[in-house]
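Can you keep this structure in mind? I'll have questions shortly.
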Amino acid sequence: MTHEILFSGFGGQGVLSMGMTLTYAGMIEGKHVSWMPSYGPEMRGGTANCIVIISSQEISSPIVTQFDAVVAMNQPSIDKFEKAVKPNGILIYDSSAVIIPPTRTDITVLPVDIDREAIKLRNPKVRNMIMVGAFLNVCQVVQLSSVMKALESVLPERYHHLLDINRKALSCGEQLVIEAATPIV
Amino acid sequence: MTHEILFSGFGGQGVLSMGMTLTYAGMIEGKHVSWMPSYGPEMRGGTANCIVIISSQEISSPIVTQFDAVVAMNQPSIDKFEKAVKPNGILIYDSSAVIIPPTRTDITVLPVDIDREAIKLRNPKVRNMIMVGAFLNVCQVVQLSSVMKALESVLPERYHHLLDINRKALSCGEQLVIEAATPIV
Amino acid sequence: MATIRGTVQIQIETCKGCELCIESCPQDSLALSKEINAKGYHYAVLVQDNCTGCVNCALVCPDAVITVYRTKKGGTSRTEAEKVPVAVISHVKNDVKVVLDEVPQGGANI
Amino acid sequence: MATIRGTVQIQIETCKGCELCIESCPQDSLALSKEINAKGYHYAVLVQDNCTGCVNCALVCPDAVITVYRTKKGGTSRTEAEKVPVAVISHVKNDVKVVLDEVPQGGANI
Amino acid sequence: MNLVATNLEGLECVWAKPATLTDTPMHYCPGCGHGAVHKVLMEVIQEMGVQADTIGIAPVGCAVFAYHYLNVDMQEAAHGRASAVATGVKRLLPDKIVFSYQGDGDLAAIGTNETIHAANRGENILVIFINNAIYGMTGGQMAPTSILGMKTTTTPEGRMVETQGFPFKISDLIAMLPGAYYVTRQAVHSPTAVRYLKKALTKSIQYQKEKKGYCLVEVVSNCPSGWKMTPVEANKWMEQNMFPVYPLGDLKVEGKLVEQKHQ
Amino acid sequence: MNLVATNLEGLECVWAKPATLTDTPMHYCPGCGHGAVHKVLMEVIQEMGVQADTIGIAPVGCAVFAYHYLNVDMQEAAHGRASAVATGVKRLLPDKIVFSYQGDGDLAAIGTNETIHAANRGENILVIFINNAIYGMTGGQMAPTSILGMKTTTTPEGRMVETQGFPFKISDLIAMLPGAYYVTRQAVHSPTAVRYLKKALTKSIQYQKEKKGYCLVEVVSNCPSGWKMTPVEANKWMEQNMFPVYPLGDLKVEGKLVEQKHQ
Amino acid sequence: MSESKLMKGNEALAEAAIRAGCDGYFGYPITPQSEVLEYLADEGRRRGMIVLQVESELAAINMVYGGAGAGKRVMTSSSSPGISLMQEGLSYIASAELPCLIVNVNRGGPGLGTIQPSQGDYFQATKGGGHGDYHLIVLAPSSVQEMADFVYEGFDLADKYRNPVMILADGALGQMMETVTFKEYDPQKHKLEKKWATTGKTPDRERNIVTSLFIQPEKMEGVNKGLQEKYRRVREHEIRYQLISADDADIILVAYGLAARICSRAVELARHRGIRAGLMRPITLFPYPYPVLRKMSPRLQSVLVVEMNSGQMVEDVRLGVEGRVPVEFYGRMGGMIPPPEEILEQVERLAALHKSAPVSKEAVKGKASRKSKSELHEIIER
Amino acid sequence: MSESKLMKGNEALAEAAIRAGCDGYFGYPITPQSEVLEYLADEGRRRGMIVLQVESELAAINMVYGGAGAGKRVMTSSSSPGISLMQEGLSYIASAELPCLIVNVNRGGPGLGTIQPSQGDYFQATKGGGHGDYHLIVLAPSSVQEMADFVYEGFDLADKYRNPVMILADGALGQMMETVTFKEYDPQKHKLEKKWATTGKTPDRERNIVTSLFIQPEKMEGVNKGLQEKYRRVREHEIRYQLISADDADIILVAYGLAARICSRAVELARHRGIRAGLMRPITLFPYPYPVLRKMSPRLQSVLVVEMNSGQMVEDVRLGVEGRVPVEFYGRMGGMIPPPEEILEQVERLAALHKSAPVSKEAVKGKASRKSKSELHEIIER
């Protein structure tokens, strides 16, 4: 079983660490994993994304063009990657950052109002972890517990005082009830 | 008919222009010619030499290792090139600059006391042209007249006041009676 | 009641919210919007009518997105009532008016 | 009659006849030979016995071919009669004594 | 332009983006000095009416895309070679205005040789040198101009003399060269600074028209992303920490060294 | 040695070729300054007893064969990179004495970048810079240090500012760098000059032992072949024409600039 | 054995360098490999390594020359344009026979090009981009694990043959994170004594000279013959490669590095469709595994070379099979990466051409059978 | 037609550059080609050319980039180590498609090596020593006359294809004097209009940009495809070579440049001994005359490649004959030049192997029959 997932958003929204956390969790569970970031100047004030592959067998190519799931943190990500979701795949996105919702009907489209949750937690910095939680909720590629463990390795030592709030964000997201957006027909 | 000739001596003895003059003369006579100098740092205070080929047909290689004639202006040249003369070839050298004469018996060895002639001409600077003359005397690869013409092209404009003395040197050498050294047996 | 000596127009879609204009404005006429533009930036907007048209903001703006206007010599200056709309978001896909939230009037003219 | 205060020995096979030593000798003790060495250079030779062993020549010689000697403190100085032979050519192949032609005695001791 | 025309009668436009800048939005990070310098340069080119005679050389650095924004003929040089490329262009088109635009890594690290010899030959070109004390484009590594103690991705403990040597004040060296006619150090952090820079660039291009020779305009600039600060913080940090090491002002005017400039 | 031992009793040897020079005859042209500098350098190394601790870097230039004559471990660097090679050696063998020996083309043309940045990093090495104002090895082309009006094979009309720029006084620039500890300009045309050079080299090696940092010893030298003069003429020409452009003396001592040195 | 980490290829390579006892690193930043310098500037320095960010790649490679000549384990890393600037230095290093490690994290060219992964520097790395007759030993990793492993191997080969070794990776391998484990490696056990190094001429020995200058052509020819003889030995003993599902294959894909990974997936997919496809992955690009190709070519229907360039390795493959089997090429350029599906298409096209045998149990299971480098090595020996 | 002169190859090349309307030369001295710079610094300047001796080869090639980008005819020249320093610049120039001329007067390498003639830079010149997928058009003269002629041809090809052209000579060709005559050539008739050049953005046109940067891989791949398509056209139309005594030859020698001259003598000698030997001399090394070899290989007994290197061109010859005939190699390295006699030995050895037909009138006269490039060109077309 192989999961090919894309995380995408603005630089600074922490999309790279979203992916890294998931990848790490996969490794903790002894799965084959790979994480491939977009890199270079297109990051200058632009969008960032990373491809995460978690699989039970060896991973041949870290770079794929079609995804089982796309996690979109902003409008450009939807504009760019909606078409990259495999049929019957998942497109989960931050509805509070998106003006024009996705329109595909052959995939599961899941809007999450990250703002609302972030405000509840009184912390805008953990929006990304809320989303990771929400994603796990709808697509169990790894155990939440592994992700919790993974956080320790992903967060640099000097930020470990933030472990708790990030854990909170994760479970908050994980407990969200998310219903698929009724496709605009 | 092809003549392959080597001119060799100290840098500064004008061996390169000896060869060039002959080559030019060859060209004037409509022959195929090539002139190949030794070059690079080995010239720093060392020896210089050039290979002259004058031929009735196209010249395939400007670089050869065996010569019909070797013109040696100093001891190292004899030490180095005596063995490079083809059997029955000619080795002509400045006896006034050489302490140990050649020893080969299968070639014609021709010593010329350039000093004596230069002193006669009261000009040490034309030793090389005396030798060219002497060489033509024993080996008519080109007409003396062509060499005279060649001089004009080989000598830079600003030295043309020296044309006469060089011409003198040539014919002086050309008139020398040279007898082959009796080989030391 | 204040009279307008100058105003600015800001190309908010290319504004990057660096705030350098805000820093450089002697009149505190500028602030960042709450909303983000399509690039995800909170953008600069004119929040007071006390702009003098000194062009400071335009000079420091790295992205040259500010245009500055000043009352013509002898031109009739205008009142609160007829403020120049300061900005319009045009989203990459469709135009959406931005609602500026009330900012407390302040500065010289209280 | 002059007494020797110093002298030099010159490795004439590696001397290049640049004449810098000759230029630098305050005593004019040095000159170029008429003969050439195997490299084709006229080489420097000591032509007077008035060398003071001041080492100037050795200092400027680019090829370090000059060795300088000076009379030991209290060492007996020697006379014309027993001049130190100044140089020997050894040709690359066989040794040949060089004949220095007479140079006019001059300098302090006339 | 996505502005709606609104009632502006009674108002006159006193500042607008110069037409010599293209409409392409710049890729620079928010608050980056590169944009400001582009803007001023193009204002000058517009006001001097030399757009049609100007050829620019872009560096390899964040300004690598300068030609997307500056509406003049341009060449993209190899990293560090912009001054050499500019020399090639100017020598063959002596009547054109030629400038190179280079970062500190480009001009003062890999390109030091080409920079210095172009100046020493007195090439009749304008070199614009953006000194932000860091390698912006490659993600914030130390530059030769990084100041002592400055933390970068390659000097995690801060720049130390032992391993990295001293901040390299190349403009001071270039000012020493007889080939250099005008050498100045400017900035873009404030309206005043911007006005000064504009004067400096205008002068330089005037000098080039008059074939006076080599002009170097250093702009001490920021790199919010590389420095990991907000643009506002960055400019403050620059004023407090960089200006003391790289004091603003002229180093050489009309071929004469401005004294006090010798440490 | 082809000297016959003769009666020398009563005489003591007061100068002999240092044992740190090999017996290989040098390939340099008659009267070339390279030989003299080799000789002085090796005297110093012998007298300081550092032969076993010294590693030299040969340039590409007429001194390319230096390792045939200097009896110490040596590396032959690519043209212009001797200072970089020296840096590599010194950083990895910090307790050794490391020197590079470079000509003006090597150090001040193709190698300008490596030269300047080694100095700016304050590399704890000695750089010996033979300035003969010409490319000797390649047959007498102009060097960056050639003086104005000087005829070379590439400046048949004499060096002109328009095409070739100004004589490049790189030692003056290097003296400006905080990383440089000792910068001096010497010569070998006279016994006195030789004595001064010897002092300068001794100092430099002493400094390096004390880890004081970068030392540059420029030697204004001759190139009879390239200049097309006899050695004696060459030295006279050098005194009359080069010394005014490259005045002898210290430029920087113990990290302090010697004033008057600023044109 | 040590636990496994999640690391970028560049970081894993840098970490391995520290563990391999690398004494010095000289480098200049360039995407997509700056992490090597950054990691070493932090970890490396802390763990006692000499790490210098220098003024240029030119300076870096010549410092490597100096450090290697001083007998130390030294390295540099860069990406395509920076590697081009090192060509003169590499030629000098090869000629002076200095052991050292050069890493090229290949990006899309020519020119400034793009920073995306590419294999466009194959010719430069394998035929010698510098002047004169010389060769680097070139290792091509295809995983983060190999990015680390080949550092040890690289330094050991360099010391063994006194030859520069290049690790030719690409932007993806440098930037991606994978699980990596660092093997036990004691540098002291591997570092060889370097009697020839310039460490100071002690009275008990002649001076050591590191040079590439031999002005007499006779001498220089001798040096060249020595080098050629060395390359012959390297060709004889150091060929490395990997075979996947090759034993019974009708169609052999030839690819290295990232492209080989993608091909292995394509081979799986092909096997599932009953096509007997296999993969030959050269691990050493010099010496190139010609003998393997020569051996297998007679029984093949076709060979498909897959590269992220215009088909540079095709020449080596053709030299290997010498017309015994048609050689086809599929590639993407300029930083584009061919997805497995694209490659599968090509394989299917070829299969159709030869209407290869219908699906068979044995064809499918074929994909399991992998041979270790060592086993195969013997095959070549005999 | 103008009278003939006796000139060094380097000088003839420089004189031709002036006559070809070269606008600018940027160079740095290096043996054995400094005469090019020296001649131009004198004659060239006097005749209105921009001639700069600059700080390094690196600066030179980038000035060439600038000058070519400005739409002018520009060139540089150097020898092996200097050419290595130009590799990054060449890759940029090829990518930005700037027409210009680069001359490499090849000397013995690797490293500093020797200054004697060599052909050791064949790979660097033909496979691309720089990074990325690109090719130079490479012309290999074998006489002083061709040193001059190929300058005109080089500039014209460069303009025609917007591609850098390299003249790959060697130290002997650069240093030797031969008779040379300069053909009539009116630059104005040959120079093409360069609309793309950066000459100042006049209001009537969009700005011109000279760049090699295409950060989106899709774009960069497009650029690469464009380059590959161009190289295909070059391969189709610009192959140049010379055949000597080839029609009836059993043994074909393949050699270029100086080596080809020497081989032609060896062929004569062989013919006199009744051995049917012939010579194929590639004049363009890229594009390489593969089709010629492919055509003739079936009827040959053997092929002997002769080079002044370790056998670099052998790979191209093998790619041409693809196993249809055994390919042997004889070469000297490090600045050594094989005399005709040595080559003859090899030819005789091969002849003995195949005990080729006894001497025959027709075999001997064979050596007369030379075909001009143009005639042969057609042979390829069909």
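Chains here go by letter, A, B, C, D, E, F, G and H, matching the order in which they are written, and residues are numbered from 1 within each.
By definition in this document, a residue touches a chain if its C-beta (ideal position, glycine included) is under 8 Å from a C-beta of that chain, and two chains touch if they have at least 3 such contacts.
Given the structure is predicted, the values throughout are model-derived calculations rather than measurements.
Enquirer: Counting one step for each move to a touching chain, how far apart are subunit A and subunit D?
Expert: 3
Enquirer: Max contacts between which two chains?
Expert: Max contact pairs: G-H.
Enquirer: Using mean CA coordinates as chain centres, what's the gap between subunit B and subunit F in Å?
Expert: Once rounded, the distance between the two centres reads 40 Å.
Enquirer: Find the geometric centre of each of subunit D and subunit E from their Cα atoms only, then give the gap between the two centres in Å, rounded to an integer.
Expert: Taking the average C-alpha coordinate of subunit D and of subunit E, the gap between them is 65 Å.
Enquirer: At least two other chains touched by the same residue of subunit H: list those residues.
Expert: Residues 31, 52, 55-56, 58, 81, 88, 92, 96, 111-112, 115-116, 211-213, 215.
Enquirer: Among the residues of subunit B, which ones contact at least 2 other chains?
Expert: Only 40-41, 45 qualify.
Enquirer: Provide the list of subunit C residues touching at least two other chains, using ranges where the numbers run on.
Expert: 16
Enquirer: With touch defined as at the start, can you tell me which subunit F residues reach subunit E in the complex?
Expert: Its residues touching subunit E are 109-110, 112-113, 116-117, 120-122, 144, 161, 164-166, 168, 172-173, 176-179, 257, 262-263.
Enquirer: Okay, in this complex, where on subunit G does subunit A touch?
Expert: Against subunit A, subunit G makes touches at 4, 6, 31-32, 115-116, 171-172, 175-179, 258, 261-262, 264-265, 268, 337, 339-340.
Enquirer: Under the stated contact criterion, what part of subunit C meets subunit E in this complex?
Expert: Residues 6-7, 9, 11-14, 16-20, 23-24, 41, 53, 55-56, 58-72, 75-78, 82, 84-85, 88, 90 of subunit C touch subunit E in their complex.
Enquirer: Residue numbers of subunit F touching subunit H in their complex, please.
Expert: Those residues of subunit F that touch subunit H are 60, 64, 76, 78-80, 105, 109-110, 112, 135, 137-139, 141-142, 144, 153-156, 163-164.
Enquirer: Under the stated contact criterion, what part of subunit A meets subunit G in this complex?
Expert: 20, 23-24, 27, 32-37, 39-41, 59-65, 153
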